[in-house]
Structure formats: structure tokens, C-alpha cells
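Letters are used for the chains, namely A, B, C and D, taken in the order the chains are written, and counting of residues starts over at 1 for each.
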Amino acid sequence: MTKAVLNIGLVGSGFMGRCHANAFRSVGGLFDLPFNIHLHTLADVDDETASLQAQKLGFAHSTGSWETLVDNPEIDVVAITAPNALHEAITLAAIQAGKHVYCEKPLSTTCDSAKRMTEAAEQAGTTTLVGFNFLRNPLIHYAKSLIESGDVGEVISFRGRHAEDYMGNPESPHSFRTDPDGGGALADIGSHIVSMARFLVGPITNVNAVTETVHKERPVKPGSSERRPVLVDDVAHALLEFGNGATGSIDVSWMMTGRTMDLSFEITGTQGAIQFSQERMNELLVWTRQGGDGNGGFRKIETGPAHPPYGNFCPAPGHHLGFNDLKVIEVAELMECIEQGKPHYTGFREGYEVQCTIDAMLLLPNKTNG
Amino acid sequence: MTKAVLNIGLVGSGFMGRCHANAFRSVGGLFDLPFNIHLHTLADVDDETASLQAQKLGFAHSTGSWETLVDNPEIDVVAITAPNALHEAITLAAIQAGKHVYCEKPLSTTCDSAKRMTEAAEQAGTTTLVGFNFLRNPLIHYAKSLIESGDVGEVISFRGRHAEDYMGNPESPHSFRTDPDGGGALADIGSHIVSMARFLVGPITNVNAVTETVHKERPVKPGSSERRPVLVDDVAHALLEFGNGATGSIDVSWMMTGRTMDLSFEITGTQGAIQFSQERMNELLVWTRQGGDGNGGFRKIETGPAHPPYGNFCPAPGHHLGFNDLKVIEVAELMECIEQGKPHYTGFREGYEVQCTIDAMLLLPNKTNG
Amino acid sequence: MTKAVLNIGLVGSGFMGRCHANAFRSVGGLFDLPFNIHLHTLADVDDETASLQAQKLGFAHSTGSWETLVDNPEIDVVAITAPNALHEAITLAAIQAGKHVYCEKPLSTTCDSAKRMTEAAEQAGTTTLVGFNFLRNPLIHYAKSLIESGDVGEVISFRGRHAEDYMGNPESPHSFRTDPDGGGALADIGSHIVSMARFLVGPITNVNAVTETVHKERPVKPGSSERRPVLVDDVAHALLEFGNGATGSIDVSWMMTGRTMDLSFEITGTQGAIQFSQERMNELLVWTRQGGDGNGGFRKIETGPAHPPYGNFCPAPGHHLGFNDLKVIEVAELMECIEQGKPHYTGFREGYEVQCTIDAMLLLPNKTNG
Amino acid sequence: MTKAVLNIGLVGSGFMGRCHANAFRSVGGLFDLPFNIHLHTLADVDDETASLQAQKLGFAHSTGSWETLVDNPEIDVVAITAPNALHEAITLAAIQAGKHVYCEKPLSTTCDSAKRMTEAAEQAGTTTLVGFNFLRNPLIHYAKSLIESGDVGEVISFRGRHAEDYMGNPESPHSFRTDPDGGGALADIGSHIVSMARFLVGPITNVNAVTETVHKERPVKPGSSERRPVLVDDVAHALLEFGNGATGSIDVSWMMTGRTMDLSFEITGTQGAIQFSQERMNELLVWTRQGGDGNGGFRKIETGPAHPPYGNFCPAPGHHLGFNDLKVIEVAELMECIEQGKPHYTGFREGYEVQCTIDAMLLLPNKTNG
């Protein structure tokens, strides 16, 4: 029996676009998918770029217009890795054209925009997925299972952070990242740790935050001597209250010297605790009451076949997953949701709720950067 | 030439009392002190206990009354390890009697009380020291020197915590720790991380906090079936703003499952970063711009003779210091301040300021435990 | 301009076969290859298996006979993931048919067999590659560059190990792994750490070893109550002398409880040292004289774009590579060698030399298992 | 009731002499000893040095002659921290004078000399102790209890090392450490890891080793331009066979760049494994079969009151022990053995057996330094 073919239209071929393309190419050999995936069309900023990248990434067709891609009735899934400001327009058009939409995070630039996208998708009944890659890690799902099974007791504290250093250089110029509409460290990477907190602990009911703008101005463009003030946050520390009574804090910064991807957390429950850092994404540290006095300790659990879908990548433990593998898992999950018509746990509604939490942190009056 | 003898009067022989006694006994063989230390008198709850403990700990005399000890004109230094509620009374009497005062943290149970003690001591011109042990670590001073020399640039973020688990058991009964006047996790151990933040980054100008009471009631005494409500915090997360513009967060809890002494921090500057945890008190992780692309990383610095006064304990690196050694350093510092008549960096004024920061966190309206 | 197509014939679809297939599928979107890769034919134990797996893994054709695959003139590269005992026969046939040969490690079951394969390949001038995956790690090449540049001085000591635990259960039955001809822990996984030592430090001129057979008998097949003696090593410890005067030791075992892939080493030179473990394959610990007294320490270098070809997988640091990515790099290197007609650094000759070192360790008289 | 007084005579006031003095001073306040310890006499190289050091370290008397000390009938215990070459003479005289002898490691410079000392002590029935400090660590005893209880199954492999870097500088001059009679890295520090292996796994029945002399000549004395050849080992790698069938390896060097005290081991049994490094002396990593598939991992056990005699130093976990504390434990153990007239587990016989193992490694023909 031949599987149905699912045609993919990808918008954008930058860092994330390539990452999507790689996942779409690889997933079929690793997962037993309900569809055969066909890399149908790549859309990019102009025809020439699109054509070149399509050849490199293995797409059959290309176009310089995302509208053309979205309008093509052959395409089943629209994957969006275009700049954040375009997410809403592409998404709404794709939904109207009856496509499933796979959108990179953040879902949009504001809570309101994200809401419009979410409501349109839910009304249309299309399958949606926001690319919170880090939640695809098998160990994160294992952590969730430990919490749900009660192994760590009642969760009382969440301490998280997302720390990178890619904006530490004051000569790093303005870009969409520093755009007052939708920019800043909290918006750019804070969404990762907020989505992690929500996934593992649950809804966040109250927040408070202090933010800081370290480099008060940046070049208007790369190498320029003209400078413009920076109006977004570089560093943020926030307090969290969860619906289940737990409290917590998160720390977010894109100028955490020495840190390239410390998306990390420690979750403490009344009976146990769980630590994780994306810096060592194949390890989970777990403490539970066991073994009696003097014999306990955080144990370092390594990813392995006992943590699905690790086994799709390798039948033996000890062979680590990498970042790109997380995207492959994401695509496999998307396929399953499309086939079964069920919502994904980070569908648009989740992306919207994350965005509103971030917005709430930014709207607080106690920002130090006025 | 014979050194002058300094007579020590110690109040209390519990955990901290024994720790003080051990330090007073050991310090002379390790440091070239300006005085010969004499363990003169131990005061404890009654004559019998005092006599027994004095013999064990090597004190020449003993008394069941701290007033007797304080009134003895032979005694030069009064060391206080009595319950927090007694700190003020003993201190004020000792100051009036012209003694130097060495008091365990927290300085007192309220900001106001600490203020009275501080002002009395400053008026009398006596030497005071509050026992913030963890600041005696040679690596903490090394961290401070790295910050002061500008090696990490301008400090932009402080992320700290003090996590233990000694109150995690709901059967742990009420004690002075859960007394609404001066109790709670923030007051008991939060002072450690606040004093660390102040020592390394500077004055804290603004705070915000969320606190939580996990076990809503506890036995009135060990083994009792009678329970009384708990009115103090078990878990606290707080935001910090420093005078120099840096921001930060601290997390404090005495029910952090799996953690016995995670007094830890990461300080991030524009040019580097420093990590420390008391769990590995002989290691400091430091990142600075060096070595070029792809060659940098946090380096693990081990305590050694290059970090004074490590060399007083051992002439070679690789031989770790322990907790009790920190108290020995503290006593050596006290001796030097007494001889030179100079204030200690954690004299009473510092103890008072730490207490006021803690009080401010607790007075905030957004406590979840009403 | 259209690239030439390179037709791949893969023998075997087990763990390594799937790994090869995945690499062949993915590599084109990640590397700018000189060829377009076509997954031409999969050969497996019978026609049915081959057909099923070919569909799963994306091969155009399939066959139950490796001879058919090797004889097909359309095929350019024969990739061998068949049992070790078949490596020589398939390889010699493939070479005779003018193919390039990409063979999984170990190259063969004996030093003599490996020699015949190597000489045949060299005479034919074909490109060969033995799948020592772990040497493809960008950080291993970075370690080599540090050694070659003299940054760690003259290498004086190598301490390595390969520890897994997959044969720890005494009920794990006999298989090709326990076959007296070519089996044992040293032969199965010792080759990884020997190839690592040779790659980083250089030729090994003298060895000595002690080996141990822990489980003296095993079931003849899964679940069987019939048992047969085990004649191969479970645990081995060996001494090494290198041509450059350095000495070292390696420890190899497939029953190292708690270890799933500790392929690790510490290389010490007169001016610095390097540590690595496959358990944290994205980290390299490096110590060099720097920063003066009390300021040095092993620094944790994370993989990033400064360590090619990491940048082919991701343009930013902090995004880890996984095991399967190493195979993609291996295939990219194979493509380059084929195009340029240059030998690979782990071509057949290297596979042969590694095997002879292993054989020498096993031939020593001081085996404890008689 | 007053305790008997035990008079201590200490020979030497260098690094180890000070360490002994500190332990004798402190131990009484921390342990409930059967004796009151009196620091009676310090002997040193001359009267003046002895007098000065006695005052510093708190000894009542001093002498420039160890013979005088040994002959003093008031003295009960002779503690020897003099150069290794003097150990035998002082010991034999002390035994003849009826003293208990507490001798720093190595027991002597040769296996034969150590044998004479051991036999003399056993004949006299005196209490002896060799200062293998690192075995006093509560976690090492905890590791032994895990092995003895069968928690890790049958021990099958020991992998150990002692790595420091204090002789890495080629300008470090000749000293007793490089004396062909009793010098070299194996003799100086190898004894630590050999004693550890024997304590935890049992008698060693067979050894093999390769050694290396990296710096072929050194200055005859500090700062001298005259150089003399070095005839002892800088680096050694050795194979071990234990009486119980386990095998292993140790690596020893005093020029392991970047390492100040990596006395470390991994012990693997059929059911579990234990890791330790003196670099993190308050942590033990333990793996045992538990918790089922995907839930296991090495757990980090921290020292605490459950590991006696930690509780003598601190009643709560989380307060680390330091190197000097190990010496305090050693002295407490000595006191108990003296009172009860029972042999210590590292009495002279153990010191002698360790020395013979080291000698056997050095006598092997395959030394690279001819």
C-alpha cells in the first residue's frame, strides 16, 4: 500500500529554514510516518535566492513570492520561518487557503496578533504547531512524566533561565531583534523558558519583572557609525506564580557572557527535584527519596531508548541526540497530528498564551530602562 | 617578646558554639596572630551544661549565666551563638561592659533591633563582626578582586540562591525558625545570599518578592500530634536592583529537595562571568574574553596558595578547605580588626543592612501566603 | 551546472545500516557536495527484508544478494554494514568491480584479513574509509590542532578508555561478539579508543595488557538454558608506548556498569592538557599555562562554528551535535576524498593498523582467563 | 573522672608537621577521646628552629635532636614527619623506647627497610599508623561499605590514578624526591592510589608497568645552572591483578599539567559502580541497578552525618570537610587504637605491603628510561 504524499511549502531559507528542510528530508527514514513527505516549494525573498536555495535544500519548485506558495492548491503544509513581522499575514492567508501551518516561534510580535492567528486557525480547524524546539527533547517529556506520576511530589518551585550571549557586543547593530514592536531578549528567547515552565508546571497566573537595557544605543546597521537608542530589554529577571500555587523565577538575557544556550531549570517538589540544562541536553538530573539516609543524591539520567522517540534515532543508549534531531521529532509530531486531526501541545493557542505572559512581563512599571 | 593574651567568652555550645570553639583553638597554630587566644569562659543554659561543655571544648571556666560572663572584666571578646532573640540583650550588655562582640548571623530578629545594636557598637567604638561564614572563602575574595579589577567588565546581572532542604519534612516541628517574629526561610538563610550579593556587587536599592508557605501547619513540638499554623515563608523568589544599575534575582528555600547547601551565584559582567556554589566551595568558574574564537570557556579555578589565606592551611594547592576552616579565617580576621581598631567588612552595620533588605522582601504585599 | 550523480549501494540495514542511510539522505542539504547522492540499491539478508528496508530508508532498488549489488556497474560506492566476518569478501569483490568502499569498523576479524583488504584497495587505487565515527567530531579535530600547534607542549601521557555496559548481563547470549575469531571487548570497542590514541598522539610501538573474562559462560542463544564457555575478554586494561616517547594506558570493557559510552581520554603535555568524553561530546576541557598563578584551570570549550564543520549544521554556537551528525560528517569527508582522489585519514590502512594493535594486546601471555 | 594524658612528641615542622600539630590541637574539641592530648615536645633540625616552631605550634618543649625526644620517658607517641630516609632510624629507636609510632607515608625508602620497621613494631606490640590521609575520608569508608555489602556486586575492575603537577617545571631542582634511592613519582604519590586500591578491592597479586622520565636532567639545587641527570620516573602507567580476580590500571604522575590532586578511581562491579576524585572529596558517585529502565544514573552522594565521623565536625549535611579534617580523623583513629590496643588498618604492615607493590612496579624491565 502506498502512503499518501504530503506536500510541503517552506517560507524562508535562513538558519531555521535550513533546519526545517533538513528535518523534512530526514524524518521519513527515521520515523514510520503516515505520509510520504515531498519538499514541494521553497519561497524566499526573490526568485533567484529561492531557486538557488531550493536546489541546495532539495525542493522541487521555488518562488520569490510567499503568496504564490500559499495559493498553490497542491501544497498541504505551510512552514513559516520568515521574519516575525510576517507571521500573521502568511498564516492568515495559509489558513484561508486551507493549509496546515507550522510556524516558528515567537508566534507573532504581539499578544493581539497571536490571538487573531489562533482564533483563525481554531475556526478553520487546521493543524498548527509553533516551533518550540526544546520541548521535543525526550528527556523533557520524561521530566514531565516524573512530575505527572507524582514521583517528585507536589511541585513547589520553578527556577529557570534562558541565557545566551549573542547580543553582548555593543557593536551588534539594530535588527528586528531590537525593534520596539516585538523585540527584546524576553520576546526573542524568553519564550523558550516560559513555554518550558508552562509545559512542565502549568499555567502562570501572575508575573512581575525587572528589566535592564545595558547597551543604551547600537549602530543603525552593521559597521555604521550612526547610532540609535535601544528601547528593548537586554536582561530580564521575573517572578512567577503558577495556578497550582507553586512560585518561581526566570532569568533571561542575550548578553550572558560565556553562555551560548543555557536554557535551564530546576523544578522542586515536596518529594523530589529535577534539573536540566540545554547545555547538556542528553542529561537529566533527578533526585527522589530513595535508598535511605546518606545514600541519596541527584542521579544523572542519560537519554536512551527508554525515552521515546530516542529509539528512532538509535537502538542503543549512549548515542547522543543533537539540536537538529529535535526538529526532526517536531516534524514527526506534526505529521501525527495532521493525520489524526488532533491538536498539538504547542499549537497556536500555546504560542499565544506564551506571548501574553511575555507581554505582561514587559508591561510592568518597574522597568529600569524607563 | 610575649604576645598579649586575648580572653574569649563564648555564649552557647550548640552547632555554632562548637564551631566557634574549634576555630579559637585552631587559629593560633595556623595564623600568626597578634594575640595569644585564651578560651576563658563558656556560658550556657545552666551551670551543669556549661561545665560539661567547657570541659569538652577546652574552656577554663563556665557559667550558667551569660550576664556573669559579660560582667567579667577579664574577658575581652564576647562571642554570641545564643538564640537570635537574645542577640540584642547580650550584645548591648557586652558593649556597655566594653567588650568586642562577635555575633552569629542573623544579627537580630528585626531591622529595628539590629539598628539599635549597630548604633550602640559604633558609639562605643568596639570591634564587631557578624558571622557570615561563607564570605571568608578565599575564592569569594578572589571573585571580588576579579570584579574590582574590571576583568569581568561592568556587572550587569546577579543570579543567586540559597537552597537547603532541612525543613522539607512536614513533621519538622515549630521552633524559633518558624517564629513569626524573625523566622522564615528568607530570614534564616536568605541573609547568606543577600550578604554575598552585597559583598560582590554592592548595595541593593530595590527589591520585590513572592513567597510561599508550603506546609501550612506543623507539630507544636517534636512528635506532637497537635499542630499550629505556619505563618512564615518556606520558599521565596526575589528581584533585586543594585545601586550600580545591575539587576538580579535570588531564590531562597529551606525545602529544596536534594539540596543541602546550594549557596550559589552567577555574576555576569559585560566582559566576563563568575560562577560559584558552596556545594563545591573549592572551585570558582570564571569566563573572560580570551584565546579567541572557539577557544574560550568557563575555567574551573581551584583554591590554592595564590588565594590568601589558603596558604595558612596548606602550602600546596589541591588540598581543599572545609566549612570549619572558614570559621578559623573569620576568627583570624577578627583578631586583626581588634588589634588595628579597624572595622570589619561584615561588622554590625553590614548585618543591619542585610537584615533590612530581608525585611523589605517580607513586607511586600504580593505574598501568596496572605 | 548539474552535479554528477554518485550511486550508493548499501549492504545491511541494521543499526549502522540505518545510520548510513540517514547520513546519505541528509548530507546533501547540509554540505555543498561535489556530487548529488542517489540511494541506488540496498542489499540485505533476503529479497523481502531488502525490499521492505529499501522502501523505509529511501533506496530505489533492493536485493537479497550483496553479490548482485557489487556487480551492478551503475553503483559507485559500496557501503558495508554487514557482519564483520563478511567484510573481507564483500570488500574484495567491490574493489575488483572498481568501487569505492566505505566499511564499518572493525575493518575485519583479524590483522591478516585486514592486511589483504588494505593491499587490494591500495593496488586498485580506490577510495576507502573505515567508519571510526567518533573521530569525525569537530572537537576531536580541534584537540588535534591544539596538539599540532604545540599549545600543550610535548605530549607525555595518554590515558584513555572505552566503557559501555551492553554485555554486563550474564544472560546476554553468544553472538558474533563472543566469537573467538574476532570477538571480545577489545576487538569490538577497543578499536575506538586505539584509533583515537593514534589520531591524536601517533603510532603505538609497544603494548602490554591484562584481560579478564567475567561471565565464564553464556546462553548459546537468546533465552536458551544451554550454555557455552566464553573464550573472549570482557574487560581489558592495557599499557601503551608511543613512537614519540609518550606512554599511556587504556581501559576497555563492555560491562562497565553505569557507562553507556565513555569513550574518553586525557592527554597531558608538558605545557597543557586536554580532556574529552563522548558522554559529553560537545565539550572539550583544555588547560594551558595562562593567566598567571591562581587564575588558571581547565576551561570547558563548547562546540561551535569556530570548529568546522559545525557551521554546516548550525550557524550559531550552543546548538549541539548528536551522534548521527558524526556520520553525516563522515559521508561528507568520503565525498571529498572520492572527488579529489586523496586518501582518507581513516582509510583501510589505518583500520588495518588499529586491528594489529588490538591483536597484539590479545596475543600477550598474561591473560588471566587462560 | 579525669582522662589520662597522652604526651605527643612530633619530629618535623614542615608541611606535614604543621598538619599533625593542627590535628593534635583540634581533635579533642571534635572527638570524645579516651585521652587528653598534650603537645609535649617538638624536635626539628636544630634547637633554634625547634624552639620557634614549638611556640608557633603550641608545643611545651622543643629540641634540636630527635634522639632526645625519642629518649624522653614522658612521651607516649612519636609522630614522624621527618625526611623519608630518617623514618627507619627514628622508628626503630622509638619502638625500642616503647613508644607508639605515627609515621608519615611512605613508610620508608625501600621494601626491605619497611619490612624491618614492621617486624620490629609487631614484635614490640606497639601501635603504629602510616599517614595515608586520603583513606580517612568518610566517603571512602562509605564506598567500602557499599562494596562489602554487595551493593555493587563482585568487583571486576579498578581504574585509578594519582595526578599532580608539582614537578612539571624542568627547573624544579633535585631533592629527596628525585633521589634514586626511594624517589620518583610512583614512590612519592603512587602509594596513595595503591593504598586506596588495596583498601577498597583487596590484595594486589601481580603488576606490570611502563614508566617515563620526561625531564632528563634537573638543576642540582634551586637556581643552579649545574644540572644532573634524573634517574627516577616522572610518569607511570601500571596494570594490576587483584587476588579476587579483578583487574585494573593506575596512572601516576607528578607532571600532570592542570591537575593538583586527582587521586581518583572508578570501581566497577557486576551490579554497580563507584567513582571518586579527591578533587571533589565531599562527593561520591554511585550507580546501582535501581528504578528500572531509563531511570538510572550515577547519583552524587554528598558527605553528611550518615557518613561517620562527619557528624563530629558538623551536625548538618552540606558543610564540607577539608584536607586538614582528614588528619584530625586520623589522629582520632590513632587514639582509639592506642586505647584498645588494636591494630590500625593502615599500620606498618599495610605501609610495608604498599611499598613492596610500588617496588615491584619499578623493578619491571620495560622501563622506557633505561
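Convention: contacts are C-beta pairs under 8 Å (C-beta built on N, C-alpha and C of every residue); 3 or more make two chains touch, one makes a residue touch a chain.
Quick caveat, the model's predicted, so the values are computed rather than measured.
Novice: Please state, in steps, how far chain D lies from chain B along the shortest route of touching chains.
Specialist: Between chain B and chain D, the shortest chain-hopping route counts 1.
Novice: Identify the chains adjacent to both chain A and chain D in the sense defined at the top.
Specialist: B, C
Novice: Let me check something: if the centre of a chain is the mean of its CA atoms, which chain is farthest from chain D?
Specialist: A
Novice: Looking at B-C and A-C, which pair shares more C-beta contacts?
Specialist: Answer to which pair has more contacts is A-C.
Novice: Taking the mean of the C-alpha atoms as each chain's centre, how many Å separate chain C from chain D?
Specialist: That pair's centroid distance is 42 Å.
Novice: So the centre of each chain is just the mean of its C-alpha atoms; given that, what is the distance between chain B and chain C in Å?
Specialist: Each chain reduced to its C-alpha mean, chain B and chain C end up 54 Å apart.
Novice: How many Å are there between the centre of chain A and the centre of chain C, using C-alpha atoms for each centre?
Specialist: 34
Novice: Hunt down the residues of chain A that sit against at least two other chains at once, touch-wise.
Specialist: 259, 296-298, 302, 304, in rising order.
Novice: Going by the contact rule set out above, which residues of chain D touch chain B in the complex?
Specialist: It is residues 15, 18-19, 21-22, 25-26, 28-30, 32, 56-58, 164, 166, 259-261, 278-281, 302, 304, 313-325 of chain D that touch chain B.
Novice: Any idea which chain C residues touch chain B in the complex?
Specialist: Listed in rising order, the residues of chain C that touch chain B are 142, 286, 290-291, 293-302, 304-307.
Novice: Can you list the chain D residues touching chain C in their complex?
Specialist: 152-154, 156-157, 159, 161, 163, 168, 206, 208-212, 214, 234-241, 245-249, 251, 253, 255-259, 268-273, 287, 296-298, 366, 368
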